[in-house]
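Shared between the two complexes below is chain A, which has chain B as its partner in the first and chain C in the second.
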Partner chain A sequence: MKSANHSRLGRSWLPAHILVWLYAVLLVVPLYYFVASAFKTNEEIFASPFALPSSFGLGNFGTAFHSADLGLAVVNSALVTVFSLVLTLALSIPAAFALARSTGRLASLVESVFSLGFLIPTFAALFPTFLLAAATGLFHTRTFMILFLPATAMPLSVVILVQFMRTVPREMEEAARMDGASTFAVLRHVYTPMCLPGIATVLLLNFLTFWNEYLYSLVIIGPDPAQRTVQVALPTLKSITGTDYGVLTAGTVLTLVPVWIVYTVLQKRMQQALVSGAVKM
Partner chain B sequence: MRSVPSTMSRRGFLAAGGGLAAASALSGCSALAATDDDPGTLVVHSQLGTTAPGSPTYLSALDRFRMENPGLKVRNLVNGDDLAQVYETSRLARKEPDVVMVNLYDKTLAWTDVGATVDVKGYLDDWGLRKRVLPVALNAWTDGKGRVRAFPYFATNWPVAYNRALLDKAGVDRVPATGDELIAAAGKLRRKGIAPVTVGGNDWTGQKLLAQIIQTFLTEDEARHVYVTGDFGGRGARQGLEYFVELRDAGVFADKAQGLTSDSMTTQFNTQAAAMQSAMSSALAKVPAEVARHTDVGGWPLAPGTAHDKPTILRTYTLIGFWISPNGTKKIDAVEKFLRFMYRPDTVSRFIKEAGRDMALRSDTVSSDFPLVAAAQRLGGDVSQVLLPDLFVPPAATQPLITATSTSFTRGTSAAKVRSVLEAAYRGA
Partner chain C sequence: MTTMTSTAGETAVRRPTPSSPAAARRPRRQGGTILALPALVWYLVFMVGPLVAIFVVAALRWPGMLQPVSFAGFDNVRTVLDDPVFWDAVSNTAIQLVVAVPVMVVCAYMLGYYVAQKPPGHKVIRYLLFIPGLISTPAKAMVFYAALSPDGLVNGGLKAVGLGSLADAWLASPSTALACLIALDIWAGIGFTAVLFAARLGSVPEEIGEAAQLDGAGHWRTMWRIHFPVIRDYVGVVTMLQFLWTLFGSAQHVLLLTQGGPGSSSTTLSFLVYQKAFIAADLGYSQTVGVFLFLTGLVGLLAIRRAFRRNH
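Coming up: the complex of A and B.
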């Protein structure tokens, strides 16, 4: 009886299994093509794109790293990304805290203003941003990007964090107040720990956006190897007359390593934070 | 909450430490100080420096220049296709580099007119460098008002490469010289499973080959008129379009040529999947030795009634030149040293010998390690030359023309339709 049930259950789950495997294949095949190409020559990539590389030598990686000066570019990207993330959190957490605790019309208006930020298309802001960078004397500096990126991230960050902070019971704050906690202490010791899942989400989303940002980094920071980010350095491996795709994909793999590391770490933290948040509540 | 103050102070201390570290990292990396304005540094913006042909030679030459001029710093900024856009933005902020190394093409055609770069005619004469430049190159870099847009440097031959071994294998006993011979050869090659002419029908390589074939029935003056005005309705242009369509529909071009790019083109030729390609010198320099050994270079086959007496090739002297920016004029002594060095015969020879580049300057050096490049240089009067349209197409029509190219290479598109899309590219400009 048990085995009949099991087999019926197995059959009914068959379509789901097929779909899951299909989905996995859809994700893995491009990834395999991408990584395998990093070990191949142009001829191998075009002649037999899905074949295993004939050798696993790291020549393409070395060429990409040295030709495009990727080491320095990764450091620049890390600087811009980390400082932008710190600034984003430093601004969005207090803003979300204030909005989540306020009930007045002004608060809902301010919250709507933050949401309106989503409506500004990236390209539309490029020229005014360029003018601002030139006027402030921060054109061709990473500092401008460190100030600018958090501004672009505020709408999403505030909207996400406000929703998380609204789930914190008022009683938690009242208890803290009775113990003599100041407003900052309430934010620091009540709201922030309880909103770690939201903060981790904001960190992860913004890390990906900041790290992969290309257009503004190209125009504002410029092509100087001492300052350019990895997304600006990478396309220099593309040549108008004959790109070496093995080298280009190897360079791309190198620049994705920090993304994979951060994604893996933050994903785990996000899950941990979700569980601990649930227990606390 | 009693524990709060102690936690606060510990974490506050950590936060303060982090802040200090951040501040020192930022200041250490000179984030607040843009280095564009350093008067002791010559800033060169180039497409050379990573994997573009000639980059290792260029970087090595820069090192030599630095050694010879210890008091002068040189900073090399590298961009690929986006160089023109990045330069223009820098110029708007008045923080442009001093020297720009880029082709005369598309956006750069307007630079001298709008003051993004300066007329270098006076410098060319004052520094005595005019005599180093091939007259034809100087002519190409001179605009309608007599201004020399930049110091010419790289040139290129753009012949057709024929893989003789593949032609032999297919039973084609000689390099096709006429359209009929080309169509017959294409049929034989296809029967052996070999693609005949490979071309990037989806990018600039296709655009250039299309322009070359259209000019089969055009004199130089007529071709110039066609590409300046975008009027493909004249008799010669219409005949050229019909010739192109005839070749295309007879299967002369590789399958799905409308979707191919320059990269797929060179790969198909270099892996011997295709027997012919129209390739500039930098692509010829990359043909593997085992393929180059049995490859001939020549012109594009002609049709009856052609305006040319020999198969045609493209040839241009407007690849990378040295443009001087308004900022560069403020450091003109440094720019002069740099230009004199780059124009020196030994530096020029290195680009020919080490990188297989064709130069717009006088030189007796022949590229011995790049046999196909050398063979293309020797073609001389064995071929007829047609115009490279780059100098005549209005900048705003350049990209639409490339888009129209893809339609042109799509089988079944009539000559009238090809004409219509080409003319539409100009109308939108």
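Coming up: the complex of A and C.
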């Protein structure tokens, strides 16, 4: 099999190999440049952009942390992300449970509302959402983002969870019912444990989107350092530090760390989640 | 209502044991469709409501948050259509879509096919292709800022190979600003889209490709004539999504990298929505463009769906 594969990919594949690895280099070089520059001064960066840093001092990280209040921003991002995730699950698990088990016309209507919602780009309603925040008195708060983000995640989360819940055999529920389990108990002790992979997918996908969310956080939470998230704080480094690339890159690297840790630890699962989450209709 | 239909539907579907005790003890349906209500309400309040509001605000004369509001009817539409900046944005968006989406989808399809053949090193490639899907928009923008600013990576590289005369202030030059934004779309878009195609191509039965190879078809032929028709629908869906992401998502890139300038050379429609709402405070104008953007998205979506529908 292996050798067959190799003969299949003969010499005519050389241009393909070259092009693909060229693109891979284009993906890696900026990241390498970022990580390397985070440990350098401007002079070093300009003189030898691709050289390894001469020392691994954390000075740039300290400056980035300080000048853009990144520490606080990370805490804010973490708060918004965690609470939004909890709320997303609290809303989507019961909804998926209901939709997966129900065969009524209303349920299938609701389900198609969610699957169509997948096509509505979040950006479309930025300004009306801003009005909503103002009208509810939650403008310039993280609370509004915590309430709002789960709504944006609802279509995808519900659709993914419904698919998982449909695979739970009816007999499991019937057995539990015989033992006198309530609907809630069925959800809690039968469906939820059996759908953990689906829940993990939803968590991972939404962790990425919530942590990386930028435009709404910028408009609704605003620039107040006490409230703003890390994605909003990051671009301010550009103006604060002028062209101190060392600090700019150090700040960027800092914001990537949480995502990077999760990706490395859960690589397989994360890749599956991203692939399954992108196209669901 | 739901109670009735769901019980009826259920007995119709689940035949084998009509007289099971469980069924008899189940006077009300076991569903609880009501549990879907909170999620639905949440979704309607925070997503559908604001979406509808776009159309309302578009019909208002509203020159700033704290200014009095009055009904404008189609006046905003007239103002927008008479504004040369709007037409610049239309043409910029058109260029962006026409260049970025096809390049992205075609390259990603070929790259996905390559990865799906499992050539040496395909695991490393796959790992790397996920990178753009992981990093946030501001981080991507910082990457491009560091690469393209006057003393950034690209100019440094050009100087290093003796082409210093080609160096330019890429993001600040009217002739290259839009191209930079398109490059960012393509750079970030190919990798992740390729992973999606690779995953989908991985589930195409191997025999299909092998049979074609035995008939003497080269990879180029197999890729486009054999595999492409099999996953045609999927390519269509991915194209639709990339179209939407590019159309609506460009506001963030523009905001972070060029602010629409110089002049209006890199103003896209979605950035115009943002700029008129939050910088120029012309809210009726902004949302009129928003309606236009939304309709463009809808029409584009249907057109792409049509183009990818099997027509044989």
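By definition in this document, the second predicted complex is superposed on the first by the 222 of 281 C-alpha atoms of A that agree within 3 Å, B and C clash if a C-alpha of one lies under 4 Å from a C-alpha of the other, contacts with A are read in each partner's own complex, and residues count from 1 in each chain.
The rule is short, and it goes like this: contacts are C-beta pairs under 8 Å (C-beta built on N, C-alpha and C of every residue); 3 or more make two chains touch, one makes a residue touch a chain.
Quantities reported herein were computed from a predicted structural model and do not represent experimental measurements.
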| item | value |
| --- | --- |
| Contacts of A:235 with chain B and chain C, given as first, second, both or neither | both |
| First (chain B), second (chain C), both or neither touched by A:133 | first |
| Touching partner for A:197 - first (chain B), second (chain C), both, neither | neither |
| Which of chain B and chain C A:245 touches, first, second, both or neither | both |
| Touched partner set for A:267, first chain B, second chain C, both or neither | second |
| Partner chain(s) touched by A:219 [first = chain B, second = chain C, both, neither] | both |
| Winner by number of chain A residues touched, once chain B and chain C are compared | C |
| Partner chain in contact with A:53 - chain B first, chain C second, else both or neither | neither |
| Residues on chain A lying within both footprints (that of chain B and that of chain C) | 46, 130, 134, 219, 235, 238, 243, 245 |
| Residues of chain B that touch chain A when the two form their complex | 1, 4, 7-8, 18, 22, 25-26, 29-36, 45, 47, 49-53, 55, 75-83, 85-86, 89-90, 92-95, 262-264, 266-268, 270-271, 273, 280, 282-283, 286 |
| Of all residues in chain C, those that touch chain A in their complex | 1-2, 5-6, 9-10, 13-14, 22, 29-36, 38-40, 42-43, 45-51, 53-54, 57, 65, 110-111, 114, 117-119, 121, 124-139, 141-143, 145-147, 149, 151, 153, 156-157, 187, 190-192, 195-196, 199, 213, 218-219, 234, 237-238, 240-241, 244-245, 247-249, 251-252, 255-256, 270, 273-274, 277-278, 283, 286-287, 290, 293-294, 297, 301 |
| Chain A - residues contacting chain B, complex | 42-43, 45-47, 63, 67-68, 76, 79, 83, 86, 130, 133-134, 137-143, 146, 176, 179-181, 185, 188-189, 218-219, 222-227, 235-245, 247 |
| Footprint of chain C on chain A - complex, ascending | 5, 8-9, 12-13, 16-17, 20-21, 23-24, 26-31, 33-34, 37, 46, 49, 91-92, 94-95, 97-99, 101-107, 110, 113-114, 117, 119-132, 134, 147-148, 150-152, 154-155, 158, 170, 173-174, 177-178, 183, 187, 208, 211-215, 219, 231-232, 234-235, 238, 243, 245, 248-249, 252, 255-256, 259-260, 263, 267, 270-271, 274-275, 278-279, 281 |
